[in-house]
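Order of writing sets the labels: A, B and C. Residues in every chain begin at 1.
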């Protein structure tokens, strides 16, 4: 019955939670543009801290040593030109990298494009590196620290359980079967648990949800109130309608050159944002909801009476006899009464 | 009736959502302090990525080449001094820019202020630039990518609808009448739809809410489950009580000069934060809520009986006759029974 | 009775809120590593803006002038070596700072550790500074601006109340007794109100919740709808199970040296994140919920009838007599009817 099934005798409360995350891991890359380079957590987590999520850069298009100046646009339908007449000084489209100067200049030997005032040289993001630049991110780990609080019951707990020691926390990795309460997740495993390929996702980026569920029956021991982790890809995944996939954004590191001029390194960062979503309900026996639920349960029993009446009086063949018996015709009494007063 | 109106026969679920945002647009400025300069997305979006919101800088007070040192404070009621006796070494008020050294030094030809140890020269934010420095931000665009998921029904959808092509997405701009499903918003239009002036808001900053509503009746076709956009200014707007208006914060870009000393450019950034707020409910026919709602509906019908009884028995003139008929006085029977046993 | 107590005659609505925060305050430090230095808001708030929270750095481990290169690891169980045979080229543990080159090199006079390719020199975070580096953060202040909106009633209000003047806002500090509506909080007081020591918390960091409660009865004057502030430490606090306490993260400031090589200053930042949590419910008289609640209230009265019946008919000694009276045996009628048709 619903009353027992839904624990109607308990007062309910929703979880209040705080989350902190911390990534660990080192990757090395070796490209002609940047040479041999080591990437650590301060390099690939952007911004350094967020409230409930963490972005890990897995791929990038880097444009070094940009300065303010004028240069030819990247060639595309709207920027290729044959003469200055094709370019409009001062115009700037939604997708352009700068403001046109009105001149048509050679982009390379064969193509001419409109010149723009912008950070030069402009970024060429037509080709996304494949495989992902930081493909080693698959083995990075993510520590999720989560404290919950049920205000009504003043019950609080954290996902680093009392029986977890510092030594265990240093070496464990979450596994649904062997280590279901270790709060350290290997990124590759998180993505795979959600049914996706990490290396595919790393190329264009995406959003992963790490769901922490705290369903607690506080009538039982507090040690039975445990977090359950599950993983889900939150952005789209329909391969057939793949408009504007993935997740990326641009940021820059600013420098001064020897002459004091401002330079910057522009990075178009593709990566995976891990959103930690905490939810849960706690229940505890309480007199008031018990009374109310018992009450409405019985009220529903009362409905049975009404239903029986309806069936008996309106639906059955011999309904006239029942009706006669059910309703005592008060009008008779009124007439009788009238007769009485007339006497 | 409430049952049909509120769709009481459906099971309900609340939306789980993930949001990413991306701004596009270029602005040019030409000031005596900075010269001709182009601003692109890496310059005016701070920080580069956030979970459900995006800040676009529209105005700024920039203080270049600050170094650690000592310099006179900006003159105001508490910092103007006549001699060292007015300044207290080591003191630091809530609104001061540094720690006082105890000396009184000339700020300019006519005014003397207390000297502070701080990043020097100190910022003078007494005058906010009008019109806004990056007033061209009105024409910037904001792409909002939103994926929703109704866990109970395992129904997911994104706001880039299946019929939107890459070409359309490259050129469309949201318009409530002509393009209600284009997820690209012109900033000026967002602010105006909420009934405010973009150029006014750009000067001191503010918070705009972009609300995405997904109310879905999943008994009908999935293609009818569509997002509805609306816009609202979330910060205050009562012109008559204009204490501490707008939105601004300070950040710095750090450099090293030739001698290896740390320098920074301090920016007090005024701007508009766009918070994307996703809400919605989905409903689908399910047996259990139908039963419960039908049940309580009928229970309420039962109430009608009780109400009739109350009216008839206590409120009407001839109530005594009805009462007599309603209650069969059981006491008579007891007496009769007592009589029987006595026999 | 529940109806009046829970204000069942009111329609309810949950709060929609926007929050901005702003810290103020200056600290000075004097260490052998950094010399005399002033820290202001652009230095210790990271990142510069967030949606509902603000991080204030209170302690730090700073590693200056890191460059890409090779250097010995910090000695611990896994990195101490005696010869190259103990080190594996290309390996990289979860907690290591770089990728091993396979060589065993002297860390200092007495200890040899495996060499890694990484940002060098590597960070030594074995000792957290005590007392906290920026212990003066206790006197920093935090301005919380909060606008709320109840969509159903189109009622909006901000926590800077109409009677708060600019002059008051410049000088006030929140105090539960004397200034309960001043939205400026001294950090030390926030932590102490939650029953913790600021200087203890500053060393390893933590999460503080600033709760703003807006419970409004909109049947009464709007000026009685006021915010109530309370403070709570959101991260763990059980001293006996102190695994992985506090809150910290790493970020870096990037520079170019004279030769154009990239350098960085790595900072492991310990600090307090202030999460602003806004909640509340507003109620206003409305006909429909009144009707529904009156209805179910009366339905519960109907339950009384059913309960009486059950007690009387099944539990009392003389139940047979009552049952006889309650149920009019319809079968008799059927027999009578059958008799009639046989005639």
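In this section, a residue touches a chain if its C-beta (ideal position, glycine included) is under 8 Å from a C-beta of that chain, and two chains touch if they have at least 3 such contacts.
Keep in mind that what you see is a predicted model, and the values were worked out from it rather than measured.
Trainee: If we look at subunit B and subunit C, which chains touch each of them?
Mentor: Both subunit B and subunit C are touched by A, going by the contact rule given at the top.
Trainee: Fit subunit A onto subunit C over the CA trace and report the rotation angle, somewhere between 0 and 180 degrees, nearest 5.
Mentor: Rounded to the nearest 5 degrees, it is 120.
Trainee: Could you please state the distance in Å, as a whole number, between where the Cα atoms of subunit A are centred and where those of subunit B are centred?
Mentor: That gives a centre separation of 17 Å.
Trainee: If you look at subunit B, which of its residues touch at least two other chains?
Mentor: Each of 47, 50-51, 255-256, 258, 296, 299, 302, 305 in subunit B touches at least two other chains.
Trainee: Mind listing the subunit B positions that touch subunit C in their complex?
Mentor: Touch residues, subunit B against subunit C: 2, 46-47, 50-53, 55, 68, 92, 94-99, 117-119, 207, 209, 232, 234-236, 238, 241, 243-244, 247-252, 254-256, 258, 264, 266, 269, 273, 275, 277, 296, 299-300, 302-303, 305-307, 328, 330, 333-334, 337.
Trainee: Spell out the residues on subunit B that touch subunit A in their complex, using ranges where they run on.
Mentor: Residues 16, 18, 20, 22, 24-26, 28, 36-38, 40-43, 45, 47-51, 141, 143, 145, 147, 149, 158, 160, 162, 164-166, 169-170, 253, 255-258, 263, 292, 295-296, 298-299, 301-302, 305, 318, 321-322, 325 of subunit B touch subunit A in their complex.
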